[in-house]
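Common to both upcoming complexes is subunit A, partnered first by subunit B, then by subunit C.
Moving on, here comes the complex of A and B:
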């Protein structure tokens, strides 16, 4: 059992939500409502958290059983905020990055979670999430475990090179060679911070 | 609010299993982890970015304060989460047809698991036990898992080609160029939006608009 596959990490957490309500809305509904109002894609708070490949939030209201009286039917006494993430690297720096870069969102989403009122700083947040963490029984990595900046940079170059090849099909070797040298300089393959996709990008910017 | 983020679908399925069979299930996962041949089918399908199975023992639901009621559960639970390319139907079809024994191996002890064939019962089982995402984020909505993997190999091949062809004659460069394109043709092609992406975005925008209206109405009522 492992949360890791190479340098990729699978974080699974169940954070209990306090039973109770504010006005006419229960705390779990308030939490869900806030989650559903989060921006998507590049506007998502997870786009600001370094090295996040994928992340999701949902509320687990109860457990389910298909019809039939041949088994006991369990019911949960608390509702749980389920937060899971796939990211590159170690858990501690990832959670610190989450606290530092999406602080308002974290405070808002977890406001009604049990014991979250004692969380004051990134160390508290890391300790809190660890208490809510479950060990992954089997983690399957069908992708890569590279740093996100590298994944985004290589995707950018893949798209740009595909367009380059298409645009230079009938060029002479010397023209092709000159253009290719310019292309590689333009790509800045050693620079992972620029000339790349941004996290959560949903539109292509065509070079050719 | 959507299970779709670009070309990826985020699936969550939670299913009960008896506490003693949860132990067997953990052993099965451990076998799969140490003998990756059991995961060969998943690798062959090639449509999954990342997936995970988490056994939640009946006594291990997090309890952080004494004031939080203690769960008294008869069963343990298995939470399955996947980030895959394509639609829900494509995913379930692919799994059921391509790796039925693998699926049965992973869900063997789950209560009322109907087995992956016939497909109709398996469809119903997954749909019944699925929980929708309230927020789903994907760092590269335009890319599939195969795009990410092929981009990595292309990056290395391209930088290597660039370093090795500086001193070649034009004739030798032309030969090397053709060789580069042939050996990397699987990595070439424009990415762009998948068909599910546009539909999803429209639904998300509609939903968000409705949520804002409800939020504004609440604020007006409270004022």
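Moving on, here comes the complex of A and C:
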């Protein structure tokens, strides 16, 4: 088992949440509540973390068994904050990017995780996450291992091209050539920073 | 193996499409119950009129009644009849909810949204569906009057719920339906001009002629057609998972009954004609061929595209049919046999030789509706080639409505009263409607929707692809800007009880304990 596949990295972390509460809300509930309030799509804090393909946060309350009551069951000693992310590149720079670009979110979501109060800077954060890391090789199927902006650009051009095809059916060869040249210019295929999907985007406004 | 079915205990519309048996006219009306006692008494009196699934001769009218009568209930209706709570609790969630709250699943948005449905569907007051089919309109009306007088004798316990939009925008107390007539004769046409009513599942014990099995059953590992398990269509019998379908208690309430979808589907005939005319100008083929590439069958005679994929092949097929018919009419037994074998191929086919859709497009209506083993993309991936289809088959029992009043527009009243039956509304009808008609992941066609009935909105990417032969030099053809051709105008989910269950309901002795 490996956390790497080519240039893609699959991170799985389980951070224990402190037992205790604030008012009538236990720490795990407070954490879940904060997760549920995070923005989605391009407003998501994950969209700000460079090279994130796919990330997910949830609370693991306990483990479930399907056998009857007469079997010995182990249970979790605490609740866990589970963070999984698939991204491009190495773990350290990724976590530094996370700390630098989504700092408020990280502090608020991890606030009640055991020993997180000792985390002061990106080095601490990297060390903390590595302690909680599991080796899993849980990769997200819908992605290659390319840099995110490269993948977003590919998706963009693929979708734009299918619309181009639909919009130019039955055009004469010369019309088609002109239109296609225009299309290719419009695409700016070497420009990975623009004329593309933005991270977290799930829908494209139509070109034609 | 299921035991032989007790056809006298099963309502007739489950085993027969009456249209095919010489009943081209129908009236559907909906009841509201105001008093459970009187409503039960009414059901008791209606019982002798209910048509069962007893076997009829396929040809001719001898040995058949002149009209038929069947009844089914919504969940609200079963409640109003006073069925015990424990029996009610056993019905599946989607049936309890009824059709309107399922709008998001069914694609009933925009012009199809429930707030635009005919007034009869507003509120939760439709308790029962009654259908009368007849060999002629007068027989429908006779039987309707008989039922109406039973309603009038119900001391106000039962009333007909009016509010069906009729031809001139007026509201009617019932929904009439009729085969489309040409030259005074009923045809199997619907109002877009397609030949309909060909494909339907064949299941064990259905009482239909075994000659109808090929192309209508399921495909075995050996590549043979076999009847589908009874439990796919009738409760209380083993289904394709070798289980009894989930059903309410007591056993006798559910056994030999089933569920029915009723949907009034308006056809925007003007939009359809305009769209096809317009697109046909760019299309390399006739208007009929373009129509066929949307549905999967040629409009004039229903020949499947697997049999004739383009105009040239169609002309050849028609000529061959013509020759064989002429010879057969002259008493040539050999030609008659060949003709029969050729006609069998109208239904006995798969998409095995057409994986790329160069003959029948992968997104054509009939290929979406009944995938005929084409979802097994790797040989022997499943227990049998049609394993992914066998639990999604639909028994269709509809008839066209409207269209009698001159040239059809989008505003005039015409369409199909779509009814389909099965042991699970969610697994069969809802799945097909949501995943196969309004989505295409299973077909690797992205977000494309069915060209005829999909919830399309006229956008560039509302498209249907006519695939080309990957070996050939022709480009695929894209039908873009698909408009909303079919709109939902109402409907609900119904339970069709057996004769035994109806009798128990009438007597008020349904007892789940």
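By our rule, the second predicted complex is superposed on the first by the 198 of 208 C-alpha atoms of A that agree within 3 Å, B and C clash if a C-alpha of one lies under 4 Å from a C-alpha of the other, contacts with A are read in each partner's own complex, and residues count from 1 in each chain.
Heads up, the rule we're going with is that a residue touches a chain if its C-beta (ideal position, glycine included) is under 8 Å from a C-beta of that chain, and two chains touch if they have at least 3 such contacts.
Since the structure is predicted, the reported quantities are computational estimates derived from the model, not experimental observations.
Using the contact criterion defined above for the overlaid structures, shared-chain residue A:170 touches subunit C, although it does not reach subunit B. Contacts of A:91 after superposition on the shared chain: neither subunit B nor subunit C is touched. A count of residues in subunit A touched by subunit B and by subunit C gives the higher number to B. By the document's definition of touching, neither partner reaches A:30: not subunit B, not subunit C.
With both structures placed on the common chain, the touch criterion links A:200 to subunit B but leaves subunit C unconnected.
Shared interface residues of subunit A (contacting subunit B in one complex, subunit C in the other): 162-163, 165. For subunit A in complex with subunit C, the residues that touch the partner chain are 162-163, 165-167, 169-170, 206, 208. Only residues 282, 459-461, 463, 477-478, 480 of subunit C touch subunit A when the two sit together in their complex.
For subunit A in complex with subunit B, the residues that touch the partner chain are 1-2, 8, 10, 12-16, 18-19, 23, 32-33, 35-38, 40-41, 44, 46-47, 52-60, 63-66, 68, 71-72, 74, 76-78, 80, 82, 84, 86, 114-115, 131-132, 134-144, 146, 148, 150-155, 157-159, 161-163, 165, 173-174, 176-177, 180, 184, 189, 197, 199-202, 204.
Interface residues of subunit B, counted against subunit A in their complex, comprise 1-2, 5-6, 8, 10, 12, 14, 16, 25-26, 29-30, 32-33, 39, 42-43, 46-56, 60-65, 67-75, 77-79, 81, 83, 106, 111-112, 125, 128-129, 131-143, 145, 147-152, 154-155, 158-159, 162, 170-171, 173-174, 177, 181, 187-193, 197, 201, 204, 207-208, 211-212, 215, 222.
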